[in-house]
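Order of writing sets the chain letters: A, B and C. Residues in each chain are counted from 1.
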Amino acid sequence: MSDAIDILTSASLWAAVLRIATPLIFGVLGALLCERAGVLNLGIEGIMTAGAMVGWLTVYMGADLWTGLLAAALTGMAVGLLHAVLTVPLGLSQHVSGLGITLFASSLSYYLYRLWVEVGDLPPTIVAFEPVWIPGLSELPFAGEVLFSQMAPTYLALLAVVLVAWVLARTPLGLALRMSGENPHAVEAQGLNPLAIRMGAVVAGSGLMALGGAFLTMATFNSFFPSLVQGRGWICIALVIFASWRPGKALLGALLFAFFDAFQLRLQTVVDGVPYQLFLMAPFVLSIVALVLVARRARVPEALMLPYRRGER
Amino acid sequence: MRFERRADVSPVALVLAPFAAILVALGLCSVLIAAAGVSPLTAYAEMLRGAYSSRLAVTETLTRASPLILTGLAAAVAFRAQLWNIGGEGQFYIGALVAAGLGHSLLAGFPVPVAIALLMAASMVAGGLLLAGPAFLRLRFGVDEVVTTLLLNFIVILFVGLMVEGPMKDPMAFGWPQSVPVEGDLRLPDLVARSRLHVGLLVALAAVAVVWVVQMRTVFGAETRAAGLNPRAAAFAGVPLGRTLMLVAGLSGGLAGLAGAIEVLGPTGYVTTNMSPGFGYAGIVVAMLAALHPAGVVAAAVFVATVFVGADAMSRATGVPSFIADVIMSVSLLAMLTALLFTTYRVRR
Amino acid sequence: MTTPSRPVLGLNRITKRFAGLTANDAVTLHLDKGEILALLGENGAGKTTLMNILFGHYTADEGEVIVNGAVLPSGQPRAAIKAGVGMVHQHFTLAANLTVLENIIIGSEPLWRLDSRRAEARARIADIADRFGLPVNPDARVGDLSVGERQRVEIVKALYREAQILILDEPTAVLARQEAERLFATLRGMTAGGLSFIFISHKLHEVMAASDRVVVLRGGKVVAERKTAATNPAELAELMVGRQVARPSRAAHPTGKPVVEAKGLSVDERGKRELDAVEFQVCEGEILGIVGVSGNGQAILGRALSGLARPSAGSLTLQGTDISLLTPRELIRLGLGRIPEDRHAEGMVGELAVWENAVLERLHEPTFSRRGFVRRSAARAFAAELIGRFDIRGATPETRTRLLSGGNMQKLILGRNLAARPRFLLANQPTRGLDEGAIAAVHAELLAAREQGAAILLITEDLDEATALSDRIQAIVKGRLSRPIPSIRADARTLGLMMAGVWEAHDAV
């Protein structure tokens, strides 16, 4: 018990929370953008994998880390464009298309990695992001380690939360995006193009998702390997529902999950006799529980998953 | 560009669609093969050779196809009823675990065929119950089953790992952890001597026949079909939607669980955490390529098995990474989806 | 009214074809400034298609639209809005989860702007609301508004985009009589400010009361144009329909014992009392008509009688036996026939064949199944019989049901119910969206069933239909039922009052 309290009061736990939450934040924001516009993007797991691979590979081939992030984002947007074309103008099943995209993007990533990278006994590594150093702030007790010594992409993720929230709530573009997810006929009746808006949202959201994957290979770990994403994408899909499709709540959800993850990781080292698989299962079980608790009250975007076909009422 | 609904879907188009999709997939993937410095034609030839050139190869391909037929059937049955069962992988593993667990300790004293039948039945029950959970959550709480079945996959696979490294661990096995095996003769007999091909293939084909008859001829099949196409109208006509959904879940999960059982009772007799190279997810591809028709599932499963078995051999022969198989499959899925669109809609300016 | 008329809008030879159907055929009409023009026609006459072309939802195959002298680029709602054309759609183009303000300003600002100018928008909306007498609350969530309020939002939305020409598609379909009258009074006031209106309707009394001119469409063509003052309902009706279609008349008929009775029946849904202590009685050989404006509880009454809604209080009995808790299947087994309100969404599974839909409700009967297996030949024979007996055109037992026209689909639904010789039949909006020929056929079948002793509950919005078919009539208002009156006593005024909830007037009867 005292072990647990020790863990809860340690700065390293809370610093880890923000670190672990970063890919989830990017993923949730990305999924949220797609779904608010009316498109379910189950390609997230594959897009994160692709972002992870391309980001890492770009750095491995000599570029700097920020170029790697950019390459990852562009990759995500390209894959997202494919999903967008299949589901928006063609109106194919968003479920099946998304799953196909996940399978496609993942397998293509593994294929290209195997093709272009020599893998010996251990996978090759890159020099990953380091925690930042802010003179004065980083030295503060507790807060210094937790808030001011994170890696740069983590701050980017937090900035993204603010940006996405602002765009959705306060800009005409955000309103058009939201309405495309509620009633695309209304969007068309006001002279806008709901198809273009939906596609744009999917592309942008996919870019964010890919950044989440890139964080895994460029910060959390420093190499790429199969099953790297380990279901984080699906957890993000559950988190979007848990967050009622709102950026602020999405951030809270990601932090909550990261907390449980960080806590159980440290708990494992002090608790004997409990199979590690139970700890690994925890986030998935938690996701299901969260879904059940929230499901009844969820205010789903009304046109989510309904393809919009012009002239068809 | 506008889509206009066609008056009727021609059955010829439905049969041609998967072929068109596969051709497109193979075409697109030849770019990837060329990027590996290998001629695509050589590569595909090696694939076919790897899958069919010898007796061993053919039996290997068919062995691979057996569980795929069942997981494909599982996905097709569920999707037809608008139940998005993405949990085939987890249902497979739970069926395998139950077959291995019961087969090791509990079934002494029964005549072998009876015991095997009981093991398969138990696996089906396990798989069915596993899917019944998400189905119930959807009925009662409106929780989307796509996410819950997906998350359950991870939970089940971790649970299998827990069991195989713990209570069910085989102390005699070295290297990769595996479960204690089933009793000596509780194994499916070989279909072709001195090969891995076992009676499981016949079990899978029998399942296809049963599902086909149920869907086309029975009242349950008719009601399920109506409920999948237009739930409101079906409810109005008296079809009990909740009960129908749960029965479909039981059937679909059961079929995937059965796949796990035959993979245990056939090739090896025990469970490992990596015994499935994605049978559950591949089942979804199989179901879509078959346009959700039971008969098509057999052909699609053989195709997918061909690609996987062939890709392994091709990879050894040419150096093209074997992941190309997954790429071919996923592109086939997306191409099939698009092809199906054009069988239902006509494009107009 | 001596101001010279100037056309603000002209449609020239507009033609639009869909697969195998010419929805608009060389339609030519014009609209003058300050005028209220009614576009009259039956369902399927091409009115909504024409207006959709005008607003840019569809592109015309031939012809052009001219607004204030300039040709309007086709197929672009944005161009129409810029030219000052606004549309209030029949199915409101509003997002229920967003606020009134958001619904109004969408599309009005360039997308690249970093911050919406909301304070300005609020001021403009308040100004419009004042000027035209259309009060709206910008911060209300649209999903919480009543139908009338939502319509007001739609109108303000169009005015916010500076529309000078407003198209209203069936604006009174969901309004009660007084609300409809208020709407038209408001429109009349707005014409003084230079606005011009076209409204689509199939209701003669409305067209007569509210418009300056009327254009009649039939089968996609303009068949007549009249100054409203110079015509009358009978002439318009004949122009609309094109021929004298005799609707069957009801002969007096002795009624028997009560078959279905409701006493104090209440149904709650989502915490709200949707049906409030209703009482009615339908006897053998009679048709009881329930009239009301759409949205007053008809749907939930239909659901309660179909086994799809659980009563929270009161009783519902079939010849004495309580049926309030039975499932749809059990009700069907007891001989209750139901014709649903929405034939596409509830009545038929469009992708199935005609024979499959014909027997879907009765699969568990020994005629159609044996030991769990469907008796396909028996089912097909039954379907063939229905097609013959009920004159269902364009169908064989194998035809995919969604290919049938609305009227033929309704005949199929009616047929499959009547062939089972039900003791009780619920007919919910049985002729909605049908042409005159189909309406006559449906009425004939209902009256024939009545003569054979069936007890029929007819729920309808069409007052003419109610008085023609029913022996007794009750009105449904906000989930409550008035007491029944014999239909001989149901004149327009009495019915109007009943539907407005004024029930004391006939209590003295």
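Side notes on the structure shown:
Here, contacts are C-beta pairs under 8 Å (C-beta built on N, C-alpha and C of every residue); 3 or more make two chains touch, one makes a residue touch a chain.
Because the structure is predicted, anything quoted here is derived from the model rather than measured.
Chain contact topology: the protein chains form a complete graph, every chain touching every other one.
Looking at A-B and A-C side by side, the one with more C-beta contacts is A-B.
Centre-to-centre separation of chain B and chain C, using mean CA positions: 47 Å. Measuring from the averaged C-alpha position of chain A to that of chain B gives a distance of 29 Å.
Averaged C-alpha coordinates give centres for chain A and chain C that are 46 Å from one another. For chain A, the set of residues touching two or more other chains reads 310-311. Put simply, chain B touches chain C in their complex at residues 4, 7-8, 217-220, 222-223, 225-226, 229-230, 232-240. If you check the complex, the residues on chain A that touch chain C are 170-173, 175-176, 178-179, 182-183, 185-192, 299, 301-302, 310-311, 313. Residues 19, 306, 308, 327-329, 331-332, 338, 340, 345-352, 356, 360-361, 363-364, 369, 372-374, 376, 400, 403 of chain C are the ones that touch chain B when the two sit in their complex. Against chain A, the residues of chain C that register as touching in their complex are 52, 55, 57-58, 76-78, 81-82, 87, 89, 91, 93-98, 102-103, 105-116, 157, 161. Those residues of chain A lying in contact with chain B across their complex are 42, 82, 86, 89-93, 95-97, 99-101, 103-104, 106-108, 110-111, 114-115, 230-231, 234-235, 237-238, 241, 275, 277-278, 280-281, 284-285, 287-288, 291-292, 295-296, 298, 309-311.
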